[in-house]
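In the two complexes that follow, chain A is the common piece, with chain B as its partner first and chain C second.
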Partner chain A sequence: MSGLPGLRYLPILLQAAVVTVELSVVVVVLGTALGTVLAVLARLLGRPGGMVLAVYVYVLRGVPLLVLVFGAYFCLPLLVADVSKTTAVVLAMTLYMAAFVAEITRGAMAGIPRGLTDAARSLGMPPMLALRRVVLPLAARSAVPPLVNRTVMTIKGTSLASVIGLWELSLAGREIIQRDLVPFQVFGLIALIYFLLCVSVARLGARLERRFAYEH
Partner chain B sequence: MGFDIQYILRNLPLLLEGLRLTLIVSALGLLLAAPIGLAAALMRLRRGAAGRVVAAYVEAFRNTPLLIQLYVVYFGLPLIGLAGDPTVSGIVSLGLYHGAFLTEVFRAGLQAVSARQLEAASALGMRHRLAMRRIILPQALRLMLPALGNEFVLLVKNSSLLSTIAIVDLTMAGKLMAEQSGAVYEVFFAIGLMYLTVTTTAALLLRRAEWRLQIAE
Partner chain C sequence: MSTEVPRVSIRGVVKRFGTLTVLDGLSFDVHRGEVVVLIGASGSGKTTLLRCINFLERYDDGEIRIDGELIGYQDPPAAGRLRTEREIARQRTRTGMVFQSYNLFPHLSVLQNVIEAPVHVLRQPHAEAEALAMQLLRRVGLEDKARERPARLSGGQQQRVAIARALAMRPEVLLLDEVTSALDPELVGEVLQAIKGLAEDGMTMVIVTHEMQFAREVAHRIVFLDGGRVVEEGPAKQLLNDPQTPRLQAFLRRFREGYLL
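Showing the complex of A and B:
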């Protein structure tokens, strides 16, 4: 069970880690964008918008990500021909992440005092401008910690892509195990790679948070 | 393509059997995670080596995917001479993973109760352990109930990963049905609805418990 023999698997695992990182970046970018748009749209549309968003968030957050991944993988080919595994995973994970981001953004915007919007409006700013210049920048500050947390969850979540056969870090590990039965070395290395990725993101997030903090 | 509800109704026993297993492993997972979290939180609050070990456990388990932890337990246990029973591996993994998250929940709850209460209790002659049990823990529990319930909902959802080590839980039952039949929409609609029902019920029960435990202020 010594750690060293596992090192010969490092090159292939790092190659797989690149796929994991790519997948995470795409999902985080798309999920954050979609979630923010949904939250802003819901706010602009008032009560009915809020209710539609609430249902979306409720359904997507109430179902396991794995079920969404399987669902996308099995259902998408019936709708459109030629769906790659990557498309299915990205779609499922983006919709899932967007639900969390929408809820985070909604909460962050609700935390901005109504008086600020009123002040901006009375200075003659149209609603969209007031939202863009006043509410969103302030909301972004309080949204940073939960968004960073979500990003870490997403990195870990990409491991689920392996269950539909998308080759990334987790599947690469499973393939090696099936060939050379050395679970501790290989999964140890994989866990370490995930750990470093997640911790780096968390550290970066903490720095971002400090930068965005209010100056008293 | 129509929506063949008959297919789901015909195969409902299969799905319900999966649901039953999902509920059982989730409940056992929580029964393991809660004491782990509480013990770790109590150790974490002390200075010294024990606190550092717990901190390392929390960081390691929170920053790696549950799937990988599950594989280590499932594929690794047989190598050190322990039988790799999938259900046991799954419950242990769920317990360790969510135990790490619960450690932080319990720690926050314990710290939220004023330290003066501990001082007051010791002034009345209570030992630390007794003061913890009678004064701090009951109050902390009330404070952390929402986070605890939230973690349970996540645990139920994460129990779906057990399907990757050949446990026929709700997710696996659905996947098998989807592979064997053309009724893909119907199957995923049904299992999605079942998970939603479980998570909603858990959330409602929790809100009721919170409401009952509320202090009149």
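Showing the complex of A and C:
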């Protein structure tokens, strides 16, 4: 242990990291899906849809994630029904992520040259088909880098689940530190684990970007 | 020819952008197998008219009919109610459009560009669509480029792919909007040659062009637009050799000074 201090905490931290990864995957998948659907609906509904989306984006993006997590955990039981810690965190983070993804997707779709959508329409594609076959595949390419960015933020954001006592990487680390008073080793390990998770996502994103790439 | 329903009938079409009237009640017909070339200065409404025929732009008044069917609006036109998106999309398949800037889908190969709409809009079986696409690509001299991405092709090649893509929908009318304007001079010929071939095969076409020599060779009829109105129309050679109106005379004089006619 003298050579590699804190290594004995690694198994428990990795176990907690699995929770972090699970949370992240669920939130990223749901948040990306919801955000994309919102942006697509807003586009299909024209100006009124755009305004509703703008309000959603401004509100959710303008509120700290911490407040959303507290809100979901403490307010939902008063208004609707009891929710588990996991549900509260997933709900808050999904809505939060969806706001960013909707804005990313909207921007990516708006950046597609008018001529290409004209071409799709002139070939008789109804709006949904043009969206599916032309607009979204083209938008996906420019959306990948900001989406990767957002995914990284989300992974790190899951640490906020610890404030309502959901056991994941950050909370597990804090428990160990409070018990054994070894802040440097444990924080070091936690940082390393987060870092590796985020680097993996970034690498995956770079591969996706290459896969979607086309020449202009 | 005068008793049959025209392939394209344009009657009193008006299009305004805000306070600007781009099309000011213009009318003319295009018959089956006929090639009509629209000429006129920039801003005379040529491109807008093509976009209205394809209903990429809504016209504000008048009627555009293809084989008697009112485009974009529900019949009778007095109702002024738009058709459903699905119906408008179906109507658009009857008019193939080729754009000045090609507008090929950059994420798809040449072949995929051509079969995209036949497969997903007309629901043709993939193999059938591909066979037709290869035939069309052969016709425009690009079958060896079928697997390439558009960005790998020259402007002239891209424009020929765009023509093949429009033809793959087996449109009743082909609308060509300044299809050589974005091309380097040495690439213009190959595209015009492809269009001439279509004219010889009896394709009905409405062509906007600034290539007067080409207009003379390919057009059955030329329609001269100015200020959103038809100022003069007639058989190509007659209209170019013996313009009747001062405005067309002035327009052609400007061309003679700048270009070979």
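The rule is simple: the second predicted complex is superposed on the first by the 211 of 216 C-alpha atoms of A that agree within 3 Å, B and C clash if a C-alpha of one lies under 4 Å from a C-alpha of the other, contacts with A are read in each partner's own complex, and residues count from 1 in each chain.
By definition in this document, a residue touches a chain if its C-beta (ideal position, glycine included) is under 8 Å from a C-beta of that chain, and two chains touch if they have at least 3 such contacts.
What you see is a predicted model, and the numbers here were worked out from it, not measured in a lab.
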When both partners are placed on the shared chain, which of chain B and chain C touches more of chain A: B
First (chain B), second (chain C), both or neither touched by A:Phe74: first
Which superposed partner A:Phe195 touches (first chain B, second chain C, both, neither): first
Partner chain in contact with A:Gly115 - chain B first, chain C second, else both or neither: second
Chain B versus chain C as contact partner of A:Ala88, first or second or both or neither: neither
Touching partner for A:Met97 - first (chain B), second (chain C), both, neither: neither
First (chain B), second (chain C), both or neither touched by A:Ala143: neither
Which superposed partner A:Gly173 touches (first chain B, second chain C, both, neither): first
Common interface positions of chain A, toward chain B and toward chain C: none
Complex interface listing, chain A residues touching chain C: 113, 115-116, 118-127, 129, 133-134, 137-138, 141, 212, 214-216
Residues of chain B touching chain A in the complex: 1, 59-60, 63-69, 71-72, 75-76, 79, 153, 157-161, 163-164, 171, 174-175, 178, 184-185, 187-188, 191-192, 195-196, 199-200
Complex interface listing, chain A residues touching chain B: 58-59, 62-67, 70-71, 74-75, 78, 152, 156-157, 159-160, 162-163, 170, 173-174, 177, 181, 183-184, 187-188, 190-191, 194-195, 198-199, 202
Of all residues in chain C, those that touch chain A in their complex: 54, 56, 85-86, 89-90, 92-93, 95-97, 99, 101, 103-107, 116-117, 120-122, 149, 151-152, 165-166, 169
